[in-house]
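There are structures below to look over.
Heads up, the next two complexes both have subunit A, just with different partners, subunit B and then subunit C.
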Partner chain A sequence: MAVERLVAQGIVKRYGAATVLHGVGFTLHAGAVHGLVGHNGAGKSTLLKILAGAVAPEAGTILLDGSPVSFVSPSAAVAAGVACVFQELSLLENLTVTQNLFLAREIATAGVLDKTAMRTAARQHLSAYGLGLSGDEKVAGLPVAQRQMIEIIGALARNARVILLDEPTTALERAQIDRLVETLRRIAREQNVAIVIVDHKLDEIFAVCDHVTSLMDGRVVLDAPIAGLSRDALAESIIGQQEAARLHKQPGAGGSVPTATPSIARAIPKAEPILAVRGIGASRGLRDVTFDLASGEVLGLYGLAGSGRSRLLRTLYGLEPVDQGRMQLRGRPYRPHSPRAAMRAGVAFVSEERKANGFIPDFDAVRNCTLPILGRHAWAGVIRKQEAAQEAESVLQRLRVRGNIHAPLVRLSGGNQQKTLLAKAVLQRPAVLLLDEPTKGIDVGTKAEIHAFIRNLAAASGVAVLVVSTEEEELLAICDAVMIMQRGHCSGQRCPVDALDDIALRRLALDPAPGPASAPQADHAREGAL
Partner chain B sequence: MTEALSRKSEAMSSTTDGSAARRGWRLPDEAGILIMLIVVFAIFCAMSPNMRTLSNGLVLLLNGAVIGLLALGQTFVLLIGGIDLSTGANIAVMGVLVSLLMAHGLVWPLAILVTLLAGTAMGIVNGIIIQYFRVPPFIVTFSTMGVASSMALIITGANSISITQSGFAFMGQGLLAGIPVPVVILAVMAILAGLLLSKTILGTHIYATGGNREAARLAGVNLAVTTITVYAISGFCASLGGIVDTARLMVGFPTTGLGDELFFSIAAAVIGGVSLFGGIGRVQGAMIGAVLIAVVSDGMNVLNVSSYWQSLVIGVIVLIAVIFDTYRRQRAGKPLSGTLRSLFRTHMFRRSS
Partner chain C sequence: MADATTTSAPSPRSSSSLRSWLARRPLAKQQLLLLLGLAVIVGIFDVLNPGFLAADNISSILQDSTETILLAFAETLVIITGGIDISVGATLGLSGIIGSLVVVGLGQGGMMLGAFPSLVLGTLAALAVGVGVGLANGLMVTKARVTPFIATLAMLGVATGLTFVLTNGVDVSGLAPAVATWGNTVFLGILTFPILVTIILGVIVGLFLHGARFGRWTFAIGSNARAARGAGIPVQRHLIKIYVLAGLLSAVAGVLVVMRLGTGSPLEGANDELNAIASVVIGGASLFGGTGTIIGSLLGALIIGVIVNGLIVAGIQPYWQTVIIGMIIAVAVMMQERGRARD
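For the complex of A and B:
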């Protein structure tokens, strides 16, 4: 093929004790689109961040057009010709399209802007890729699809030789995706740049890529030109069936793995559902979500990034509005408009973003725990501190929180912080407990303790637990059954964990599901493929 | 860069985890500023015998009382991460209001009550605009500052209003057990405020809101209530300040409180360790800060230093306090000594590289 634009070799990245990339290598060719695929936590995003200079690898070399480079920052990467279009768009909304395109490289004479020259140049770039914009529009008023193209054009205008795109299609509609795919192929060809695209959707990968690299647990498991590659082979590499089959010593794994329809049973909940959700939808991200949650059960929610898992939990906790459908909690209509309303109704929530919104950093563990239950331990607004602290301490002890529970919580380890958040939720004596990634970034020992605690909680006190996790093992370890979420939709079909393993879960979540067992709602997505 | 900093502090915290497993008493954060107050006071005393008299001490506190009251209200607002720029102008309007009410025949205790309610209402308006229209507090209170100071001039036609009800003078000139009434009012208010912050649900919610607004909301804190309440408290304190100022002079000036009061009150809170970023600080600190400012003002008076120097000196002290606060914020939850150490260490590194 064409020249080797970028060659990465032996890239290693560790976060604490966890190794995310074990010596990954791949080659990008000029004028080609390169797909990067893999399941949740396979290391795609980390690899992308390393190429973009946002994260520094522990080992490995990157050759750009034959010469070794090491980027100390994203701006160094951009200067060298590697531009990244992240999921969060980075255009400045308060500036015009032209101003954005020429940001930090304005055309000027003696410090005075040459606006005409910039406008002309901007218009050329914009019309070349079919954006009917004058360049004088404020970015704030433009739709996402156009902003994305402006970012890509901006990268080209900065003489980018490599463009990295992280899930560029998640926020786009069908027609926009087709257009983006077409434009990307054109850009790669005409500008002779190498484009890397991280994507979950196989049809898009087949439509846009020349070459694809599949990662699994930080290792390259497949690296091949798209021509001659079968959809099944690519899907297998993502699901990890061969790898797992070898590990589990199950020669007939392909046959025995439960594939969608046959093994999925709409398990009838043991008790009356405590939370019944019927066809709820929200303008952004959720559509027709239906399920039941019974007292004393632990129900898992699994899906790919962007499938709306967290959004569903946030909606149930009153953090996002509901546009349609209805919910019932303990037989009464339930539609919380704020976290306070949800709490009053008996719902507790442990957020995924521990640092961002999980706790008050300067409060100690006890004070963080008691924050939602102060009303129980106060008279006329005056807190009976001793009494509140005693209740909190007993739960913290049961969870075996180590470290000083009277020091600011920010100083405790992630595991102890997470246990504290769990204690805070339990202290509310909820009927329904919503857990979003309950063991994110936590060591194995603490993880096991938290798992045992959750199981115990459901069994002993009859709390209904809904868990979102990207870790298959976690869901298999603590849940009674798992539901799949795809593109904001959840049908309420439960897969009992006895009939599941991690491969089956991944297969169910992958969109569109391969083979004859594909779920009906995945079909429309396949049409535009080629 | 900030990422690198936080990662560094995280690494540090994990190493200190083991040793931090003891509870026990530790030096309060206000210790540093208290020592500074004592040192400054001692220096002034050494320089002038007039400084050492009890009567000067009382005058010093009397002059600092209004700033102390404003600083008290400001402390609540700063604790949720807000700011109230309208307190100085609030003094002017409330001073005029209480004078006018009395001029129109209202007996002075009733006039005081109405004025306090009016001041609180003004704070509530600030709070409602900030909470429900999502306008930054700086802009909202900046605007209401303009509105209030103008209102004071419009109502009076820029004339001062004399007060004839002699009983009212007690609020500014009276003595209780030999102590000036404004100082007593400040002391009582400070104790109430301290108890409110440390003992009640509302106090905890105020700290939580300032510590991490989103986390507080997820934990069920009613952000609207805490936000509006702190601005109401600030408005109440400012109107009390307006009443005291007016009672000291027995004249309602439409321009009282438009000088250094606002600056000094924010300065007092910040010097006393109340974080401009919210969530950290205590009433004790703000009061020590207010006394420090009073000592500096009074000391410079006694030493016949031109009053033009006052704001300069206090400005420098505030800058030091804010730089310190910024460092403390980056090392959230670390004890004071560690903050000082990191401050020095960072600058040593910077110089060497």
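For the complex of A and C:
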């Protein structure tokens, strides 16, 4: 057996009241590729960040080649030989490949750079891993696959003993993935480093890994060599059949979220679709997305990280371009080139990134809400402030926004910010409402209020709602049916929530072939209508 | 200012609640402090130079400040969006020169109408220059994605250069004497035509910025452009309008300068952008965008105007002006940063 390169024991991490990792331990061997799997929110990313020194654990020890280490920062981890390639690549785009490879460890004599030596060394590294680059290219012009390889080579050149890769294949295409898998295996073997790879795709795990650790709700549920492990056993550990069964036996756990008018509103409407999407695609993100959305229904969209869920919503709202396919809204062709165009056509959107692009931090709740509807409350551009504020306040009250609605919104709690954004969307009187993670980072009570509001909005006002959520419970609580998104693709198959539970959802997201529990309804009959 | 008083909370009834009223209205507090600062500076100069507060000196301070005030209004709009326009001074110069050249070129016109038609055409030409410069700035910033500093730096070079190409560096003389008469006649004790125009434009721009959708969008873009776009605001089109408006206000300032001096001087406007930016910063706007008021910028410009005038009246070497203005900017910004850190 190879040497134990890194041993982690009893790692505990808490964020506020929530414990994300409950004493996780695992061992990395030199020369081996180690897979780290688990469902959304299982704690993989947190574990990776702890190993990379970006997050400090509350408890636990890490032994690197037998000696205990405690990283105070990512640079401390790099100095110790643990390098991390995160999803957002960290190369400096305006520098050349060589400059990036030698960043902060430039070869120099008396402060004068020895460019020839660096270029020669860089070229050796690059050709050793089959990158046909001279090293003089600017990183900005290179495709993602090559940038990723450059990061890995950079880590090796810095004498990394452990390399951590966070979902390295999400942005890659088939052939590139194969090449990456092959290279990673070779690097592990030849350089005798330990590689950790976080990945959602089982076939890739089986292709690249020697050993796999599966996390579920912050605990290790499976830790085994890949040889002799069956695909089903690994899938089961991720989906969490036993774990879920154990939880469901506990009274009060799961499924306790209250919903409004369950039975009537849950029937799938027979109405004509208000939004019809046919085979839309966009470079690097969406391919052949087809579905229908009808008035008064709440349709869920579920998928793994990187499956294109958010991208689809952003595309429908005109924030991202569409390359192929057609869309119809209320029977008319729909192809928004800006959020303004989408809004005018009757589409509203609540972003997942509240702070980054959801609200105006300096504006209070009322002003944020009324921003898109000032046209209704202005004469020749002069705002009738009282009137606008009254309309906003009525909706904010209906949503029970607590806190000072006349203070800058950035000072309100996350839950109240989210309610304000929901109010802003509703004030636009949309025909279609797109919600991306509508209750992300919000307490349970507020969550239930928002869920009830969304259900009621669809049932009472006939708004068509499309919800993206990584929380199975949430989709099951508020949706009439759920569609699955996989690697940028959505077929439009709907699974009614009555036939679903969280396990079935996870299974569907992981495996393209629908399981027996799901009973999806093909909905291609309407395709001829366009 | 409107921004500070829109909340529906009741206004203060007694002086005891003044403190809490101000605490809830940081902008009003800021403006009160500026007013206080202005009063202190005026007081100091009045002690140093008896007669400083005489009506004719107040009128002269205001008259000389109209240029800085109008450019500060223009700069306020741009700075609230998170941008900056360093071409306002050069735009002032170019528009004034082109306006003067048009007036002189058209001559005195028909006997019946006198100089009037050529003056109107000259003014329109000057305003058109301002709009053109602003449009070019706006297009560079939005469509070509040039950062505002660089785009307007380029415009500063082009406009200044054109001013000298057109005049060979020599004043445009030959304007009707009536021009200077209109520009400098004092009425109602302290008012002049340039002061009146500045007041009217201040009221209009203030209402635009603090009471209209136009202003709401301006603040939204400066505070979070991505969220503003998501809320359906046509961000690019709005930014173009902002730069056009800034150019137009600079051109108005250019026309008023010519009226004040009675000639078109190619040196006018040079380095004026510095005082304009200083006024806006002293007035409490953040260069990161999202904050700023017309009243604040007005007070900032007046503080600068009073200092410049006071130093001249006191007979102090004029080179001290920039030293003192520079120190005031530093103090103003440090006070703002302290206030922000407390938040």
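Convention: the second predicted complex is superposed on the first by the 486 of 530 C-alpha atoms of A that agree within 3 Å, B and C clash if a C-alpha of one lies under 4 Å from a C-alpha of the other, contacts with A are read in each partner's own complex, and residues count from 1 in each chain.
The definition used in the following text is that contacts are C-beta pairs under 8 Å (C-beta built on N, C-alpha and C of every residue); 3 or more make two chains touch, one makes a residue touch a chain.
Every value quoted in this text rests on a predicted model; they were computed, and no experiment measured them.
Enquirer: Using the superposition on subunit A, decide if subunit B and subunit C clash or fit.
Expert: Once both complexes are aligned on subunit A, subunit B and subunit C clash.
Enquirer: Check whether A:Leu374 is in contact with subunit B, with subunit C, with both or with neither, and answer first, second, both or neither.
Expert: In the superposition, A:Leu374 contacts both subunit B and subunit C.
Enquirer: Let me test your reading of the model: by the given contact rule, A:Arg429 touches which partner, first (subunit B), second (subunit C), both or neither?
Expert: neither
Enquirer: Touching A:Met343 in the superposition: subunit B (first), subunit C (second), both, neither?
Expert: both
Enquirer: I'd like to know which partner A:Arg186 touches here: subunit B for first, subunit C for second, both or neither.
Expert: Touch status of A:Arg186: no partner.
Enquirer: Could you say whether A:Arg284 touches subunit B, subunit C, both of them, or neither, answering first, second, both or neither?
Expert: neither
Enquirer: Can A:Ala356 be said to touch subunit B (first), subunit C (second), both, or neither?
Expert: both
Enquirer: Could you tell me if A:Arg326 is touching subunit B, subunit C, both of them or neither one (first, second, both, neither)?
Expert: neither
Enquirer: Applying the touch criterion given at the start, work out whether A:Ser413 contacts subunit B, subunit C, both or neither, answering first, second, both or neither.
Expert: The first partner, subunit B, only.
Enquirer: Which holds for A:Ala389: it touches subunit B only (first), subunit C only (second), both, or neither?
Expert: In the superposition, A:Ala389 contacts subunit C only.
Enquirer: So subunit A touches subunit B in one structure and subunit C in the other; where do those two contact lists coincide?
Expert: 317, 319, 338-340, 343, 349, 351, 356-363, 367-368, 371-372, 374-375, 378, 381-383, 385, 406, 424
Enquirer: Which of the residues in subunit C come into contact with subunit A in the complex?
Expert: Within the complex, subunit C contacts subunit A at residues 6-9, 207-208, 211-214, 216-217, 219-220, 223-224, 226-234, 290-291.
Enquirer: Residue numbers of subunit A touching subunit C in their complex, please.
Expert: 317, 319, 338-340, 343-344, 349, 351, 356-364, 367-368, 371-372, 374-375, 378, 381-383, 385-386, 389, 406, 424, 428
Enquirer: Looking at the complex, which residues from subunit B come into contact with subunit A?
Expert: Against subunit A, subunit B makes touches at 13-14, 16-17, 20-23, 199-202, 204-205, 207-208, 211-212, 214-222, 279-280, 332-334.
Enquirer: Touching residues of subunit A toward subunit B in the complex: what are they?
Expert: Residues of subunit A touching subunit B: 317, 319, 338-340, 343, 349, 351, 356-363, 367-368, 371-372, 374-375, 378, 381-383, 385, 403-404, 406-413, 424.
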